[in-house]
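Labels run A, B and C following the written order; every chain starts at residue 1.
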Amino acid sequence: MTLLRVEDLDCRYGLLQAVRGLSFEVAQGETVALIGANGAGKSTLLRAIAGAHKPHGGRVVFDEADVTSRAAHSRVALGIALVPEGRRLFPGLTVEENLRVAAARRGRWNVQSVLEVFPLLQPRRHTAAANLSGGEQQAVAIGRALMSNPRLLLLDEVSLGLAPIVVDAVYRSLAGIINEGTTVLLVEQDLTRALKVAGRVVCMLEGRIVLEGEAASLDRDSVVSAYFGLKRPA
Amino acid sequence: MRVQRWTRTSKAFTGATVALAALLATVPLLFEASVVQRLTNLLILVLLAAMWNALAGYGGLLSVGQQAFIGIGAYGTVFFAGLGVSPYPAMVLATLLAGAVSVPISLFALRLRAAQFAIGMWVIAEVISILVRLDQNLGAGTGISLLQLNQYEPNFRQAYTFWLALGFTVIFLAALFFLLRSPLGVSLQAIRDDEDAARSLGVRVAARKRLLFVLAGFGCGAAGVLIVANTLFIEPGSIFSVQWSAYMIFMVLVGGLGTFEGPILGAILLFAIQTNFTQGGPWYLVGLGATAALFALVLPRGLWGTIEERLGLRLLPVGYRVVEVKGDERTA
Amino acid sequence: MTIVNAVVQGIFLGAFYAVLACGLSIMFGVMRIINLAHGDIAVLGAYVVFVIVESTGMSPFIAFIVALPVMIVLGYVLQLTVLERSLKSGILTPLLATFGLSIVIQNLLLIRFSPDVRSLGGNAGAVTTSSWQITSGLSVSALGVVILVVAVLVFGALQLFLSSTRAGWRMRATAEDADAAELVGIDSRGVYARATALAVAIAALGGLFLAIRSVFDPLSGPTQLIFAFEAVVIGGMGSLWGTLLGGLALGVAQTLGANINPEYSALTGHLLFLVVLVVRFGGGRLSLRTAR
């Protein structure tokens, strides 16, 4: 069943159009990777789905309910959670406070279970977020989103600024979350990782979708051409 | 394509403005003293509005303490006249004093941002007010009169004061006008629009702001001078009152922050309101405060700014327009 | 001995300033707004208490309990009508809008209550009149002690709220990054409204103390604002305990000044404020202090 449907979405920054008449769907339980060059509109799209960016036109439908005019914090209550680009932890709050400040919904995720999935955080529980390493911060950011037991987890560039070995660890934890059936929509710069973790891949260019398909059946070359716009759609 | 500074409208209007100034000079010859006094008040308001706009509209500096310079101008006049200087030269000296004092203040005040600057200037005004209040020679808390003006026959005195006011207003408006038209002026508008971007392009932000601050110091000092010349009596409570800031904020917000013509419009409006309602009644102030707040929230560009935006109109040539010229057919 | 007495009296005065400053500090800490109508709101609170005392004859302290819900509602209204809007526009807008509001409040009070100076010191009972003579040169007033104790309790309670309750964490989170707060399910609008209501309530408490320890009239607001702002700056903007210390420092500066010459009291406070501004912000070149 379709969990998320984006219809004809138009997102702008002043006069700049970041997302142009974009439509696509995510089915429950899917893992979809959004790829594309910088400036393609991927982050804007995620933010619009999460409610942090007000679209100029179009609709966001979650679980058959139109959430387009809903504030971000109320979407969290419905089950949408975004791990924003750059982590955006609350620097003055500790790891535990960062986790507990998030809105809680009933489900298997709580402070204890989050710390079990990210054991590297256990000893840092009472450390201020500003003093954490990049990998620890990413873990807290994901954990913070999980605290609301989301039905749709949005991840924006979790590998950005982290060492490859740290990214490996993050994705290992993600695999566990994905296996439990959470619907995941993630933005990822690293093509290899994206193709490995996702069931479906959507490629964006200049605010539009230029390629879409099952990760397994897409060949790298067509993905790369779509990514860079080498073969523009008519 | 051509970059154009003067349009037909702005040429016509600038011509009209010059003619207006010449016409105004005849006012004391045509009207009786009480009317001349009221019109002097109007010029004082125009000057204050233009100066506050120079600070806030073009420099992004919201000062709630310009009354410091108004007071320095007023008390400075009394001081120099008390030393034996002839009243009208004393007024010029007092204006220079206000401007001079603004320089050391600027070294400190301009380091402050937004709220610290606003209230910092207010505190400076309070400090100067207290210092004046402690000085017996300046009349302390009860105030002092500019008795030296009594040597003139009232009609002449009013005329001289009016011409001085007209002179100051023209000088300061012209200074601001040419400042805005110069390369300096463009960088000022850039600072107002995006300070960090301007700085990264090499615009010497600090120096530009200091120039505006000192200009406003001179201008508000001139206004203070005119106030004491026009009313003959000042006391610390009213000349250093934050109410002057309230008037300036009202005039500029309603008229149009950041536009050249806006503050003038705002001053005319305030003048009209003041002449029709009993000056200083609380209801009238409630109206002023509420209107200023409303404009800040709902119509931040003010009346003139909105008109300018809607009609693409610029009466005085302080900006640039890009104009299509015949033969510009080739496109990118 | 008189210096010691001056310092002690300064601490009591400073505790009063700290209470006045507390609300201003909260609003700045959470929303980065300096409410130029803050002093007038405190005075408004004093008048609300005054009206209740005049019509019922109850003690001002009890009357304050009754006035509190009124002020809290006013705080919510203020946030939702004026402040919320001004947050979305430029940096100057909140200052301009609250300045206009300040003029409105002062003059509405003037219309309703006339310029007469009033006080609730007479209605507060024994607290205002009793004092303890410690030594020949030093006396400690009961009211001063009460205000000091209340100030410490208020700041302590606030600190506890912010550090140990979920609502407090939410407020800190929203203060640090409102956008990210929304993304984790925090209703930032609600947090801002609560912060304003809290600030207004504590401002009203300041107004109560003003009315009891001294006199007030419709135009007293700006003076209270200046002292409150000076306290916040002296103690360090954004620091809650700093505001308490800043208030105390301001109070002591003023009483020491008054010790030299009664006309100097406000002046020494202003000078301390200006010196702190220069030292804190004037040390380096302008570019070093670009971050707001």
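Note that a residue touches a chain if its C-beta (ideal position, glycine included) is under 8 Å from a C-beta of that chain, and two chains touch if they have at least 3 such contacts.
Please read all numbers here as calculations on a predicted model, not as lab measurements.
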item: Intersection of contact partners for subunit B and subunit C; value: none
item: Chain located farthest away, centre of subunit C as origin (C-alpha); value: A
item: Central subunit by CA centre of mass proxy; value: C
item: Cα-centroid distance, subunit B relative to subunit C, in whole angstrom; value: 33
item: Distance from the mean Cα position of subunit C to that of subunit A, given in whole angstrom; value: 43
item: Averaged-CA centre spacing for the pair subunit B and subunit A, given as whole angstrom; value: 53
item: Of subunit A, residues touching subunit C in the complex; value: 50-52, 71-74, 76-77, 81-82, 84, 88-93, 97-98, 100-103, 144-145, 147-148
item: For the subunit C and subunit B complex, residues of the former touching the latter; value: 28, 34, 36, 82, 85-86, 89-93, 95-104, 106-108, 110-111, 222, 225-226, 229-230, 233, 263, 266-267, 270-271, 273-274, 277-278, 281-282, 286-287, 289-290, 292
item: Residues of subunit C defined as touching subunit A within the complex; value: 166, 169-170, 172-173, 176-177, 179-189
item: Subunit C partner contacts - residues on subunit B that touch it in the complex; value: 56, 60, 62, 64, 108, 110-116, 118-120, 122-124, 126-127, 130-131, 133-134, 196, 199, 205-206, 242, 245-246, 249, 253, 282-283, 285-286, 288-294, 296-297, 300
